[in-house]
Structures are given as C-alpha cells and as structure tokens.
C-alpha cells in the first residue's frame, strides 16, 4: 500500500477517533459540557494525537529501517564473484534496486505479468528487453544474481510494506481506542493535548541547537585537518593573507587578522548606513507617516532585502564605486585609489540592510502601547522627545534584535564584498582602501581550484569556525547588554 | 496659601500659545530635524530602490524580446533518417535547415553576399527545435512546415542596438558583412522580433545558445524551494519562539538556545551549504540538485530571521493582555494562541517576508548542493516530483548567466532579476495584506 | 458558612520586598469579603495569590499554604488553569482584549465550553453584559473594539467578562473605582446576587462600599493582615488601633 | 520514497570547464534519450572533493577540473574507495591579456613586461628592489605612459597557476631578476617563490570572481589590463582588445600549435565504478570528446576551446574505459 | 476670576459616534472645576480636548472653538506641545513610563529645562513626589521601575509626574480612583494648594469629592453639558432635572 494511502487511512482513523472521543466525552458528562474537565474538542484531539503520533513514529522509523534491513538481506544473495573488480557492493545494490524498479514499472505498464516478474527464469535478454520497453533504464544486461536479488528485493519490500501497513494501522486503531478509553469527564484532556503541543514547541526550539551542532560537526574535522597542516599561531596572529596557488608546493601565508579586520570594518560601515537610515525610517513610518504612506513605503523598503545580492554587487562595482571615486579619487580628494573599497561595499551593503532594521523596528515600535505616548504628550513632550525617551527605550529589546540581525547579515554577506570591496586582504585604517572579509574568503577558497587537501582549501573551514566562535562571543555580549537595559512596559 | 506659593513657586509665565517661546522653538526645531531625518531616511531608501529598479528594468528589458527567422521548411524522410543516424543529430538538422534557407534566399534573389556559413552565423541553435518537432510529428516529414527559429544572440543584439558593425569588427561569431544580409532579411520580414515567451517558460541552455535560455524552469525550482521554506520555517520558527519566549524558564539552557539562534543568523550562508551537503545529501541520501534539499538548507538559514523577529514581537505584547486571559481561566497555551500570537502577527509576518526574500535571493548555499551550474532539466513531471527532480533556482540561474562570456546572457541575467522581483512581490503581497489586517495599537 | 479559602502563614515577596507577611485568613463561601487598607499595603498582591496570578510575575514568590476547599492551590498537582477557571478575577486596571466587545465576553465561555451553540453564547454575552451593567451602552456596538470604550465602560466590561465564565469565587480588585454611583450600585447589586451561590472577595478603598456589600472585612497594613472580622465589628468596634485609625481616616 | 535511483549523470567542478560541459550536456540531452546531465559549478577543488567522497548514487559521477588531479587527491579518493578514475583531457584553455577597446595600445607584451609591471621585487639597475614602477613606459618605452592597473586571477583560480608559471616566472628569469636573487644568497626554490610574488600596493588586483568581473573592472578603468580565457575574450571582442605575447596572437590555432605559450589543459574525471550503473555516463564521456563536439570544427572549439591534437587517443582511452 | 478656557460649540466625534455635543463652557483660572456625569458620558473625551490629546486618536475629530486665554488652541499656528506644557494631564488609567521612578518624574522637568543641574532636579523630584503624597513609600527605591508599583502608587506617581512640569492648567481624570481615603485627602489638599496659582479640572465620580474640592461643577450626560454652575448651586439647587437625578443617585 503506498505510503500516501497509509497516511490517509491513519488520518481517517484519527478523524473518526476525534468524533468518537468528543461525543463520548459529552455523553460521559450527560451532554453537559460544563461538567467536563476540558472542552469536548480537547478529548477529540487527545484521541487524534494518540491515533497519529505513535503510528507515524513507527511508520517513519520503519521507512528508514526497512531499506537497510532489506538491503543487507538482499546483499547476501550477491556472491562476491558477481561484483566486478572496480565496483562495490553498494553499486551493485543500486543496480539491483534499479532492476527492481524496472520490474515494477514493467508490471505496471503491462509489459510483464506479476508472475513473470516474480519468477523470471526466462533468459535475461528477454527480461532486459522487456524492462527497456517499459521505459526502465537498464544500463547493461541484467545478470543472474542481480535479477535474483532484484526479485528478492521486490518480495522483501512488498512484505515489508504490507507488514508496515498492518502495524501502522493497528497501532493507530489501538492508539485511538486508548484515547477513547481515557475519555471520561474528569480526564485532563486539555493538559494532555497541551503537553503534546509543548513537546512540539520544544522540538522546534531544539532544531536551532541541532543546526549548530551540525555546523560545528561539518566544520570541525576539516578545521582540525587544517591546523595539522598549518600552524595555528600563524593563522590567528598572522597579519598577512596571501595564499599561493598550491600547485607549486605553496608558501602561503594565511593570517586571519586582515580578514577579520575587513569583516569588522565593512560591517561597521554597513551598519553606520543601515542603522540610522533603518531606524529613522522605522520611526517615521510608525510614528509620523500616514497609514497610506506606511502601507506603501514599508513593503517597498522590504523589496530591498529581496534583491539578489549579485545585483547589489554589480551596483557597487558599476555605480557606487565610480561615483565615490569621482569625489574621493585622485581627481577629487585623493583618498581613494580604486572604485572598490570598504566604503563602496559598506555603503551598498548598508542599503541592503535597511529593511532588516526598518521593518522589524517598525513593528516593534508600533507595538508600544499608545498609553505610553499619551503619558509623554500629556507632559508637553514633543513627538521626537516622546519617541527618543519613551518609545524607543520601551522598544529597545526588539530594536536590538533587529540590529543584531542586520549585523549578522552584514558579516555573512559575500557577493557585495567580492564585487564592491576588492579582494585585497589588508590591515588598513583608510576606509577608501580595498579590503575583504572572512566570508568572501570562505567562498573563494571553497570554490577555488586548489588541491582540496591543501591548507589553501581547508582554510575555508577554519575561517568558518573562527567566525562562528567570534560571532558567538559577540552574541553573548549582546545578550548581556539587552538584559541590562531592558525596560518592560506596564 | 503663601506657603504653597513658596513651595510650588508661581508658574513661570508661559505666555501665549500662539507665539512660540524660545525654548519651544528650539525643541520644535529639534522635532522638525528629527522628522526630517525620518523623511530623509525613507527618501534614501526609496531613492536607492528606484535607482536599482530603473537600472534593473533598463538592463533587463532586452531579455523579453527575441528575434526569429520565419521560414517554411521541408524535411524529407531520408534526410530524417540520415540525421538520426549521426552522433550529433541536431547539427545535422541544423545543416539541412541552413542549406534549405540558403537555397530559398538565393531563389528569392536576396541582394547580399552570403553563403551557408553566413547563415549559420545568423542562426541560433535551431537543430534541437527541429529535431524535437519531427520526433513528435513524424507524419509531417515531407510536408512544408513553418518554423519560427531563434537567430543568434548577435543578430538579436543588432536589432536592439547592442551590436553594431563597428563592434563586430574583430568578432568571428558575426562578421560586419553578415549584417547586410540581416538588413535584407529584416526588410523582407523573414527576421522579425517577438515577445520572448521561451525566456519566461524555458529552461537553461548551453553557453553558446543564449537564444534558448529561459528562466521558467528555475522559477518552478524556486517555487518548490519556497514552499519548503515557508511550510517549514514559519511553523518551526514560530513554535521555537513561542517556546523560548512564553514557556521556557530563564536559565542557562534557554540562554544557550537564544545565543545560538542569533549566532546562526551570522553564519555565512555558504556554511549552511556545507551543512546541507553533509547532512541531507551524504548522510540522509536525499537527491542532489533537488529543490527539497535547497529548501531544507534555506529553511535552516531563514529560521533565525523568523525566530528573532517573532520573539521581538512576542516580547512587545503587553503583559496585561496575558493576565487578562489567564485571569479568566485560559491556559497558557490558549493565552498564547488566542491573544498573544495574533498581536505579534505583524512582526512574525515581517520576519517571514524578510526571511523568505533573503532565501529567495540566496545563491551561495545552493552552490554546494548542486543547484548552481547547468541544471537544464525543464519542468518536473508532477507536483511531488517537483521537490526531488534536479532543478535550479532563480538566483542560481541569474548567477550563472551573469558569469557567462556572451553578453546576451547578461541581458538574460537582468531579465531574470526582473522575474525574480516580480515573484518576490507576488510572494510579499499576501503577507503584506495579512500584516495590515493584524496591525493595531493598544 | 463553609470556608472557601484557608490561608496559613502566607508570605509574598517581590524579589527582596516582603509584600505580604504572615497572613492567616479564612474566606467563607457564599459571603462577600472586603479587603481594605491603605494604597500599597498588599491587597492586590494577596488577592492575586488566591488564584496564582502572581505566577506570571517572575520576581514574585509566594510561600505558605493557601487551601481552596481544603486543597492546596500551590501544589504541583494543581492545574493553575483549572484553579483560575474556578477563581475568577477582575483586575485593578481594566484590561479588555483588543477584540470586539462581544468576543471579550464570549472568550471565557468559549474556552470553557459553556455554550453549546451560537444562540446560547449570545445569551450568555447578553446576560453577562447586563449583569456588568453595561448592556444598554454597548448593545448597539458589540462589534466595536473593547479598547475603544471609556474607562468606566472598560471596567464594567471586565466585570462582565469575569462573570461570564461563572467562577465559584470572584476576586474583584477595586471594581468600581471608575464607576459613577449608579453603576456602582448596579455592580454592588450584582455582588449581592452572586453571594447567594459564590464567594466574592472585593478590594475597595471606599469604607462605605465595604460596609454596604461585605459580610466580612480584612484590613491590611504594610503587608500585615491587621484585623479580620465581621464587617459590622470592624466598622463599629475595631479591635486594633490601626484599624480604627484607618476607618476614621487617620492613617493612610 | 526517497531511495529512488538516480537517472541523470551528476557532474561538478571547475567553473572554467562548466561552459563547455554545459554545451555538451545540452547537446547530449537533445541528441540522446538520456536525461540532460546536471553540471554543477563550484570549483575544481570542491568538485574533486565531492568526487572523492565515495562511490554510490549519492556521489557525483564526473568531476570537471581546470588542472590535473593531484597525488594527494588521488590518495584521498582511494581512501574513500574511489579507485578507478578515468582522466579525460578535453582540450586547452588559452589565457590572454586584454585591455579596454578604447584604451591605450597595449598590443605587444613580453613576459618581462608583465613581470616588471607586477612582480613584487624587480631588477632595477642590477639590484633587486621593491617594484618602483608606476607606469608601463618607465621600463619599456614602447608601452604607453599610463598608470599600471592589472586585474589578475586570484589565488583560488587555476588560471593563476598558469599565469605564474608561464608569464611571471619566465619574465623573472628573462629580466635576470631571478639570477640576481640567487646571487643575493637565495636558494633556487626561494628565488622561484619570490619571483611569483605579486606587488601588493594596489597596482595589481586579484579577481576572485569570474571573467565577467574582470571585464567590469576593465570597463571601469581605461588603463586596466586583465587576464581572460580565450573564449571569454572572443565573445567580447567589442569591448576588449587582446595583447600579443612574444609577438604571437592568441588564437585557437596558435595555442594548439604551442606558439602562443600561455595555456593550460582542461580535464574531467569519471568514476569508472559508476559506468554501467548511472545511465548514460559512458555515453556522455564519449559524446563529450567525439570529433563532432570537441574536434576543431565542433561547437566547443567554436566557443573557444582549443581542441586537443591528441583527441583520438583520448577517445580510444574512454572507449576502453582505461583508468589512470 | 479670569476665564481660562472658553469653549464654544465643541463637538467631538469618534468616527460616527458623536461623543460630545455642542458643549459651551468657561473654565475659570485659579479655580477647581469638577466634571461629573455617568460613566461613558464624555467627560474624559472633553477633558482630552482641552489639551488636544485627542489628536493622538486617529478616528477622533474635534469641532468648535476652544480658547485658552483667548487663543484658539485648535488653530493651525498653535503648537500642541507648548499647549500641553501649559495644560498638563493625569490620565484615567495610570500609565507610568517603563523607567525608574526617578526618571518618571524627572522626564518632564528635563524636557522643559526646569532644572539647571542634578541637584535642582533631585529637588524637583522630591518635591513632586511629596506633593503626589507618595514620597515616603518610594524614597528608598527611586531606582525601581515605576511599573512595579501598586495601582494606587502608580496613580500618585502619575499625579506627581504631572505636577513636576508645573503646568498652568492641570487636567485630572479621576485622579483618586485607586486611592485610599488618606491618600485621597492628600491629593485633594494638593489640588487646593494648586488652585492658588493654577486652574484645575478634575473628573470625578464621587459627589463628595466634587463638593469638597471644586468651586465649579459641570454635569455631563450622554455627551451633552447639561448644567454648569457653582458647585454649591449644582449640589443644593440643580436646575436641570437630570442633574438632580444624578446627584441624588437616580440616573447613571
């Protein structure tokens, strides 16, 4: 039975369980819902949860486990001799799977009867041909062991699926019955249901942790490998970043400091653009603008967040860079040598980040109760005084969140840096110099042509890890600050 | 009385409310300045938006027209069999067509110097269109069929002004002299311009075939990815935020989760690609280049944005609302879902809009899970296949086009950006309308 | 009269601030109990302890035993939700939901399943609004937001909302502070009516009101329960000197 | 449901090979009944890394590379069970110097000019000093008297290697700087390394993006000179003019004959274990290097690939599934 | 006594709801004026019109002339900020800022530049808190947030906050609703003291309070100003039948 149908059946059982649970709850209270501990629908939902959750859990585990079990048992059918020298058992198994799929397709398309498929003692050419006719992709002649294995594979899978269907449906019915049995007036159905929801919420929150673990794990091995090849002290305290193309044995200097400095500098410039503009936009939109203006301007600004960063990169390179150059360049103030610089990238990145600050802050500012503003106006404060001294402090946690999000985005941005900031890794104070960031280098080292086992390529993982740890530190600090200055209204 | 006066002090005479006193004037100026800053800020934002839009639209417009050669053509059964017998079949079809066109033009006595090579240079990749047609309509063999076949990108460029005789002096793809023939054919209405439907509906093409490039397939890819992102990141993000903000007790562990989430926001997107490759493809054996995997990776990337904004808006709901609900015997769950969440909805939707917009425009993580490059697989066979069949995504498509040598792809890239922005706006409209319905002050 | 609440050695702290000290009191069923005392003495704090509303204030800590019908409400087994459904509350600051007037009232009955259908719900809403003495003012605008009402109207809306869920005990924190005399009289009438089946605790600053509506009165001062007795006794024959000073208007 | 068998050939690797692979993949889909292969970009490094991750359907079948696989990579492959690898050379990529069409006339270069302009340390009056030159004319009067502004491939690019080996190193030797360094007490290896150092004072810019970026840089700088692939240049003759190297103009013919010195071979690697398992894999490899496609008149050459004179050897190697 | 506010044909609408109808009234300087009337009759609405607080409610529209010292406050030239500095307000629902108690009070003086230095500001804060009759309760916790106070404390904090800016006119919307008799008496004392220099308008539901503190009383009913006269007159000799019904407790 296809999984889709199985899901539908379980859902149907659950739906029936809901109705039964609900009505049983009502009848146990002689039709008077008030005598129940919880709303009747909670009793229904309790049954639904019991009918669905264990059944689906079993189904998922089964679906994950069955291929493994089947594969290991089928794989035993393939003698060592049937595995070509350069191949592996795994690849032959892929062939088996493909042949089994082909048999399925052939049966479905009528090119083969089920009997024939199961007991194809016929010669393999015929089978191969029939499979090909049925549109199955058969790469070469189906061999004896492969065909046997494929047949066994089909049989096992079919049995497995039948067993699974039986188990899942039985479990679902049992679950529903259990839920129905529990249904009595004094049963705390709401609490049970809410506990389940709470579990779900906790599970959702732990995804963040899992992601972090995943990231650390996917970075850490290569990072360790990198430090085996390249001294950590040179990496952390080196002031030069000049990887050489590893083809020549390499005399790379991979000091992270210039990259960190570039990251920091460009992000600061970007935030200096985005935070004031974003914050003032948010203030204007939520406090001054008419609702018409607001309803148009806010989504428009949000479009800025959705323009692909490559467009910003090109915008930096082709428009902003030359513009800055004409003012600060050799023909102007003489501070700038080329169009690509920290300033160029920072400015453009700032533009991209405006909606991160403006839209979120606007929502938060809007959520500050009107009575706070009234209190201030009533004392003769101007609107700006009210905003600065009453509304903004009240909205501070949210605004800090928005700014953190924007800074995170600034740290993680690549395209704009690559195109706008130049690729030079430099430790320099002049914002009109070209610099580059950790992220840009992660991408470029990872997507480069270097030997993947060389420090020049592995450094990408070390860079990722370093950035991860540093931002972690910054976030701890930010959390501390927010806790310290938080003001709670009411 | 006097005592009170001494204590309270007579109010400093404040004068008429019609004439503004010095201090108020000063404060009003500050107010005005503040307000002006706001206007300037919005102005700057919108100004850049307009500038960006203008340049996108200007650069992208040419992608929406194409030039075609309209000619009747007959392919015989023998020619068909001959072509099918070769390895590079489409080339054979193309050659037949060129020969036929050459003949036809000579018969018509077109006044220009040309030979088969000239015609080859003028045409785009016509072979596959012709082959596809006859493979599907074998009964048309020997009949005259009228084809609209794409010209080469240089002819396209010539008609839109990108290419001139001067600019082609050193090119071996189109000789300046070839343009005489183009002029004649345009006069004879054999070459015409039309709206570039294949661009909107088609899939990617090889680097030597800009005329065949379309964004359609990757729009579908992005669509499926966004479905995954929306249906995973929104519920998970909101659920996580609710747990952290409303249920979790403040302790080291929740602090850890909190810091973790903000930290995830700062993880470069390509690192999510590394994670996705390791977890979804290598560990979970999900198919490569599939929107499902892309969607999962982008979900992980979008989650922090949604969580941070949702938490901020949950925090902003005044406690009195919660007390009111709890006070009449609502459970915490009911309080949150019935009262707090609706009030936090605008912020949640904002987070969703921004998060999804970001996900929609992101290329880097897709680089590692195989959605960037050449994924010209056309449309998926069905809804569920849409998630697992190899496909590209709009930003990835744009990114690859922008890197190609032929400038015609550059137009396509900008055209693709226009489509992406249209997609983005359609996606946003729903959220923006919803958000407005939830907005209220209390 | 049975005891409804049985409070033994109740202490409440806001962080370090010891707001309620050693309070022992028995609150009777089918009785109106008035809490009086100067502003800031802990009336609201104690009231909120009775249905565990203080749980929502992170810095707040409650100690001692509070038994409702003999069961400890602070027991881990107790579901605060069920407790609060039984022990309803009207807050000192009116806090209508930012929803329509109708939905404000209907919310409680809906989550507690008090109405089988829309007609019954309509009926409950109307009855509650009438009992809250606000029906006439809002009957034409049940769809208008509850937050767009005048201060006094909001207060009555909150009373109606609390009554709609039919709690066994109703805690009212200065329910008439923003009401005119007539509305006050109507609310007092309601309290009187409720008394027949329920237990009502009311915080008030008006001695007259306390004297009018309550059978028992508790006088709080600086976190201490100074005196608890029949209302008559308290007002005519206070035992503690502080009580006397307060009711005669000498300490605040 | 997820454990479906893969039907398409999955390819990843060098972005230099990507254009050619895309041409072939499209034609392969159009001319055969196999599904169009999926070609991912992401660099030779990432491509080979994924190639070496193991055998099986969840790994790629073909890795494109703009350089030959390294021994360490072969070892890493073997460690993961990827042992039988077919190396397929598809042709050569010419590397050219080009400047703005309307810019000053840089039309004739010698490697020495490039070295003098870009080397970190050059030989001036018999002494090795930090590169003092600001304009091209300062060391070669025939070159225009304009500011040096070069855009060279970043160190992530395979092109960089060719640039270093075939231009800088030669220039270094020819100017005598290398000898001077060795005379100054450096070992030969150190001197070679020093020859390859590029000045960091802003006259030379590393480009980490692709040629489009280099083009954009040159568009924005009249005096700029950049390094491009031949194919890219040929597609943009309206914006760029190319420089000769040692008097030879870069063309597919001159590069194929070896007259023009700066070029590199391009490869793809096939996992032999996947042949016969992944439908169309061998057919794809054969199709790629067939005369019709990779020959001198095929679409790849037409696009700018310098076809391999020894193509037929490669063809028979693929036919016989010979591994490295 | 001079006229402070001169209101002619004032109408206030909330969207379609005509909340204030044709109100004509002269509010005198150095006088306490009480607004009385049943809940929802428009007292707060009218009070808020006097310092243009209704500007902040988007759906609210005010028509007619309101002259302050002969100058139209709704004139385009008028700066509402300056107006509100002159005409201070205590709201019906206490709304302390989410700041420390000190900052709550210091906020007004700071923005109006009433203190030259920290010492002066401290003095103003202390004086205002004393006048708000809350100094003793909070003097030890000036750094604690204003939102962590009891209901009555918050109300007094808001009174102190309004007084700290020294307005010429003080509008108080039920300032004593949450206060015990002693605190009420202290606030009434404050009002009395303010009267010497300022004009005070107070909304109250307590007839006694109106009678005690005010010289003039206005009675509102369903948005109309029914009667406006000397307090004595109103309470002893009301001209309108509705007034009489209200003060004798027959209509609400």
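Think of it as A, B, C, D and E in the order they're written, each chain with its own count starting at 1.
Quick note on the criterion: a contact is a pair of C-beta atoms (placed from the backbone, for glycine too) under 8 Å apart; a residue touches a chain by one contact, two chains touch by 3 or more.
Predicted model only: the values in this text are computed from it and were never measured.
By the document's definition of touch, common neighbours of chain B and chain C comprise A, E. Counting hops only between chains that touch, chain B reaches chain D in a minimum of 1. Taking the mean of each chain's C-alpha atoms, the chain closest to the overall C-alpha centroid is A.
The leading chain pair by number of C-beta pairs in contact is A-B. Comparing the centres of all chains, each the average of its CA atoms, the largest separation from chain E belongs to D.
In whole angstrom, the spacing between the mean C-alpha positions of chain A and chain B is 18.
Centre-to-centre separation between chain C and chain E, using Cα means, comes to 28 Å. A straight line joining the Cα centres of chain C and chain D is 82 Å long. Chain contacts: chain C has residues 81-82, 93, 111-112 touching two or more partner chains. Looking at chain A, one finds that residues 190, 314, 369-370, 382-383, 385, 446-447, 488-490 touch two or more other chains.
Among all residues of chain D, those that touch two or more other chains are 3-4, 15, 41-42, 46, 57, 209. Chain pairs that touch, as defined above: A-B, A-C, A-D, A-E, B-C, B-D, B-E, C-E.
Chain D contributes residues 1, 3-5, 7, 14-16, 41-46, 48-49, 52, 55-57, 65-67, 70, 72-73, 76, 81, 83-84, 149, 154-158, 160-161, 164-165, 189, 192-193, 196, 200, 202, 205-209, 213, 216-217, 219-221, 272-274, 276-279, 323 to its touches with chain A in the complex. For chain A in complex with chain D, the touching residues are 3, 63, 67, 86-88, 90-91, 94-95, 97-98, 101, 137, 139-140, 242-245, 247-249, 251, 314, 317-318, 321-322, 337-340, 418-419, 422-424, 426, 433-434, 440, 444-454, 456-457. Residues 33-34, 36-40, 188, 190-191 of chain A are the ones touching chain C in the complex.
Across the complex, chain A meets chain E through its residues 291, 369-383, 385, 389-390, 393-394, 487-490. Only residues 79, 81-82, 111-114, 116 of chain C touch chain A when the two sit together in their complex.
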